[in-house]
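Next up: the structures, one after another.
Next, two complexes with subunit A in common: one pairs it with subunit B, the other with subunit C.
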Partner chain A sequence: MSAPSCLRCLVRPSAGVTVSSLPRSSPLAVARAAPFSTTTANLRPKKEVQTGGAPKGHVRSGKMLQLGKFKKGKAGDRGRTPAPGERKAYRKRITLSNDNAIPVPWLTDLGPADLANPANTARIMALPTEVQDQLRASEAFKPTQCWGMFRKPAVLVRKETIDMANRMQNAADKRHTLRLVVSGDKLTGKSLMVLQAMAHAHLNNWVVIHIPEVQELTTACTEYAPIPNTDPVQYMQPVYVLKLLQAIRRANEGVLSKILTVSAHPELSQSMPPNTPLLALAGAAKEPDAAWPVFQALWSELTAQGANRPPILLSADGLAHMMKVSDYRSPAFDLIHSHDLALVRLFADALGGGLRLPSGGAVIAATTRSNAPRTPSMELALAQREAEANKGLGGPSSSGAVEVPQRDPFFRGYDDRVEAVLRSVQVLRVRGVDKLEARALMEYWAASGMLRATVDEKAVTEKWALSGGGVPGEMERAALLTARI
Partner chain B sequence: MPPRLNFWSACRALSVRTRALAQRPQPGPATLARGLADNTSSRLPPHDRSGALPPSMLPANEQPTSPENEAALNQLRLIEYGLSPLDPAVEGHKYGLPELPLPTDKHTKHRYDAVIQQITRLLMKDGKLAKAQRDMAMILNYLRTSPPPRLDPSKPLLPGAPPAHHLPLDPVLYLGLAIDSVAPLVKIRGFKGMAGGGKSLDVPMPLRARQRRRTAFLWILDVVNRKPSKGSGRTMFPHRVAEEIVAVVEGRSGVWDRRTQVHKLGTANRANLNNEYVKGKL
Partner chain C sequence: MASPANLLRLCLRPSRRLPNLGASAARQFAHRRPLSTTQWRPAPTPKSPDDEASEKAVDDELEKAFKNPGEYFNSLISDESVSDEERRLAQRMLEDWNKVPPAEQQDIEQLAQDVTKEAAQLRRPVFVKRDSFWHVDEPDQDLITDEVGEDDFEEDDIMAMAHAKLEEHREFREYARIAVWEMPLLSKMAKPFEPPTEAEVLRFRYTTYMGEFHPADRKVVVEFCPKDLPDLSEAQQLKLKKLAGSRYNPERDIIKMSCERFEHQAQNKRYLGDLVNKLIETAKDPTDMFEDIPLDTRHHKFKPQIKFPKEWYLTEERRKELEGQRKQALLLDGQKRTEGALIDGVEVIQHAMLHAKPVETVPVLRRGQRGRR
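Up next, the complex of A and B:
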């Protein structure tokens, strides 16, 4: 042992570190790196520690008293930790087929006119493969729905479906806009109605723009920025809009590639001469900064006057989030109303009738019951529209019974902007299925091998009654998602 | 209100009425005229003017029109003769009476399969049975949607097990088969101080079916609790359990080794069953 090197690094020969493990070869280099350092452990290169056989861990390991209560759990090898976002992706992943399920021979694919044909009431029909891809691209399927149990995704054609599809078709034929809010109790199939509307639109070559969860827009979880030269100030959400553009592009590839632009868009960074396919325009945004101008250009092209455009379906799920004050803050730290967010404003204008779709189409929004903020104005407006519609239908006998609800004069939480939007919408209330439809559902489940029971009138009535009068989600719980298989 | 005793009510009591009254009897002219003293015009109902009686007050001489009515009348006649034409299993019940004795799964407390019931309770934490039941439903759902297991011939399942591709469509059977196949037949019971020198004497003891299942599932739960979960959310725990069930059926699970170990120990110590002390205790 050389005395100078030991003195220089002030190491005590006994303390855990053997002197032989110290870097003898180049004491000068050590001294140069940190001349006054007393932390020899940091100075040592790691390889030499291992070769020197120095003990790891605490200096007094083995001599310390470890009480059972404070003993650390075994830090076993837990393998690779999941990357950011991976666990959420696993949770949200959507499976659309189950190879164990028995293929149902009588299942037919949906055709363009099938959802509007009353002869198909209470029939299960499969979604064609290309429509599946389109719906998947615009995130119409949700992880809580039971798509993963059957051989291929199929939907029940209900009376409400046919009603809605006919309304859509009428609006498109007359170049009007159907403005519809799908409302109903929990698990009655409101999101499925929107999905069926989208399927109908895709089958008839409409352009479909779908906002899968409105809460992503208004709960302040995506970036926002003020749009210059707007008064009152509006805000764009570039990251979300970029995602939406990509979804629109993938979902409407066939339709958009056939439509050509009518005007040049000088405000875009890329040059877009007239007669470019809209698909190229939709793909022009590569990064969030360019997304909002590109979306505006795309929208102006889709709603261009005089050009022959296909009908447009604007759909959204979770309307209540759109009808509240958002969680975003302005620079003055005031809360921003959702209708000041540009994308939400576009949807709300279309729903309220302020924004006309020249080639016709539909604006369909579904409410949610489980994850919805309280929106008294929306609830009141929907109740009013429904009562008005019932009054119109009922005639003299029921007009006395149906009373249009009015504002509570002692409550001040109402929102005029929301009521203005919902002043003239149609409301489609979705209820439980009737027994014929329930029977169709259960026969499909049984034919797929997922329900191991005889489907007769007794079984259907039993499940129908158990599910609160045929609420389809509850029927699934009672018959499919049970431990009593 | 007491029934009015008059000639027509006596007639009504005699007649056989198979249908409910279509309408209430017409109120008498006096009732109608009440309070209308100034009104000099006649207010009598039209049939009174013609002198005929209201149809509901006439004796039932009309012919039964529908076959149901005919059948009902026939039954009434049979009752009159002292016969009992009504079959309680058919009449008066929309879906018939349940067959007796009731099958066990019709009982509220025994509505699930025995294995499912036991294992749901083993899954339960903090007394939250409903959550355990939801977890169990998710486990079964996972088994239904996962691909058919590839069986390992070195880790044979119970004899008589169906082929692998039948299993996912019957998840209850799948789960029960996995647990019963990996369940140990014996447990080792130590008799203190009997082996000499203060050592305990290991004696193999047979287990009942419920005990065997419990042991096997606790072993499976041990493995599951040590596994990291891949995703997040409420499906994670049931999916981990279900993955381990699949691993058991495919012979990949470490639970098989525990079973082999217990069985080896039992075989090695079976001579201890002849120990005098142990014999007396058993």
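Up next, the complex of A and C:
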């Protein structure tokens, strides 16, 4: 590959070459031009004046102002430019293992009951391989998380995790629906709580439907179309739903293949006789046009009354995007409320309790702090639910009287539909980890060879304090992601 | 120089306490018509003709008496309108006058004439020249000396500036005397402070600039707490707060209003008092209690009172507790170290490097390198 440039090197005039290759008569010629001079002689041979024929290029070439916009591209090999989408794929790639990391000997895989067992508090446990695949299929891992630093993906079992898993288990046992919003400060591990919920669901053979980023649904970046015969008009998002169906299919392959349909679905183009596995139904959509009816059919099968269905976990990340007016426009050029998008409406109904899951399950949504539109109604409703829960407990604060925040009567931006959805949800506030959990985390890092320090109480307390009281993301920043080796 | 009029002037001059003739004369400016194209004529005086006549008669009489006392006394004696007593007095004075030698009589008459002549200038009204630049000819009233002829030193007195300095000194001493002798007497007038009673709910604030004129000295501010107002129910108090709008401070629970609309403090205060009465009256009016309107506090920014948490104070107990915790942590670490459960990142890496399988270099067949291009 280096041949052309080497050839160019040979062609390019260099000082030595020029001097040595000069004809002997040329100094004399120079001397004739200027017999005595204090400046160096211009040794470059003069161009021969063209006589006759049209002059090449512009008359004043070389003296013309060349603006950057019109400058001709520099000759030279720039190498291959990345193909469209390649840069984004590199940015968004998810690496789940690092062969250079040291395997941690005591690491055990998660079992079905492990996440609900209080004995596992402050333990790091690995995700089993099949769960990894399932989670990867439904895009539960995010590129900002540090999975790529360790031998295999593992999660810290926190008190909140055990609390949530127990709530999920209780709901499934009683065939109720757990409606939970995971809230908390930046980097406290809200998305990881959702991931753990999904892992728990997969381990216990639930059906998991996960919306990895709600903003993909409401920021008008995917196609939409009105659903006929709906009043008020609802909108489907066929391309996204097709993607979601494929994700559901891959993530829940084992469970769906065991469930059989109870009714024929004449509205679908393919014939689906009863007692077809749901996996086939989910795979019936090959094109976006068919995606929404297939999704509806799948949903009706999953929530069929009387049939023995597994519990369902509906999870989403980035709840605020769901609780705002979307960026889509109706034919009258009015903004469409997010809850008029059919898929979002299904999730919101389930979260609000309007849509019951007959075999029980959970609806878990996590808020985001970094990429979230301002949603005063959601913030207020979550604060209210939290205050009410604290009041029910008798109030953890010493003052005793927990005041439920009320609407500001002079503020206009509240949304009644949002408040109706969030009227009866439970709120799980995720805070920083305690020192025991922090120690488990740091020991895992050190045992993986990612933290070159002795993990004693001093180091743990230092990082714990540095990270604002054990905020896990900040602890990673303080200990794991620093370049100090 | 030695004229009697000049002598009189010299006698008068050291006594600066006397009203300054020049200054008093200069005050009568004819300012009536600053711009006019017609000749000035005095307005017809509203005085009664009797007054005018009597004034003129007095002036004439004075003039006569000073010009020629002998003739004046004679005319007085021959006058029938005067009383006998006055006539007798005039008779006696005429006899005295006649006793004065004629030369002296002449001198006195001359003196009278001179004084009149000298004083004529002063008595003449001074007009400001119409076309003078910035009224340069107008004497300045604010100066401590009259600038008229103050630079001509006649070797019989100190300079005008020195007089002014002396005057200043006198003023200092006057105030010093007041401070020493009179001010202590003020303590007799002192009253003990009485805090406002329950009935006095309005608190007024005034501003004084110690007698100087200031545009803000008329301003009056009133503050009151709606809770303090007698016989107002809760609902009425709330309505009062809503009526007060942005004048209500929800943090201090105080309504504060001010007025500087009128010229005098008393007027402003009266207006505020009336306004408060009107507010209370409206708040008590049950026709519309504004129940549908929430109390608006958008104008007020609530400042969170941040205090150092009590739990963070490093008391003796807390110190002991922390020490205990540290000891416990050290014990825990020591125990782990002896057990070999303490994890050291560096050791882990070294151990892993030692026990790592050596990477076997597998020969790889590289094909098609040459033939590709």
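The rule is simple: the second predicted complex is superposed on the first by the 404 of 485 C-alpha atoms of A that agree within 3 Å, B and C clash if a C-alpha of one lies under 4 Å from a C-alpha of the other, contacts with A are read in each partner's own complex, and residues count from 1 in each chain.
Everything that follows uses one rule, which is that a residue touches a chain if its C-beta (ideal position, glycine included) is under 8 Å from a C-beta of that chain, and two chains touch if they have at least 3 such contacts.
Keep in mind that what you see is a predicted model, and the values were worked out from it rather than measured.
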{"item": "Touching partner for A:P409 - first (subunit B), second (subunit C), both, neither", "value": "second"}
{"item": "Touched partner set for A:A453, first subunit B, second subunit C, both or neither", "value": "second"}
{"item": "Touched partner set for A:P82, first subunit B, second subunit C, both or neither", "value": "first"}
{"item": "Which superposed partner A:M149 touches (first subunit B, second subunit C, both, neither)", "value": "first"}
{"item": "Which superposed partner A:E443 touches (first subunit B, second subunit C, both, neither)", "value": "second"}
{"item": "If touched residues of subunit A are counted for subunit B and for subunit C, the larger one", "value": "B"}
{"item": "Set intersection of subunit A contacts, subunit C complex versus subunit B complex", "value": "102, 449-450, 452, 457-458, 461"}
{"item": "Complex contacts: residues of subunit A adjacent to subunit B", "value": "76, 78-79, 82, 86-91, 95, 98-100, 102, 148-149, 449-450, 452, 457-458, 461, 481-485"}
{"item": "Interfacial residue positions of subunit C with respect to subunit A in the complex", "value": "294, 296, 298, 326, 329-330, 332-333, 336, 342-346, 348-349, 352"}
{"item": "Residues of subunit A defined as touching subunit C within the complex", "value": "102, 409-410, 443, 445-447, 449-458, 461"}
{"item": "Of subunit B, residues touching subunit A in the complex", "value": "95, 105, 111-113, 116, 120, 133, 136-137, 140-141, 144-148, 168-172, 226, 228, 230-233, 235"}
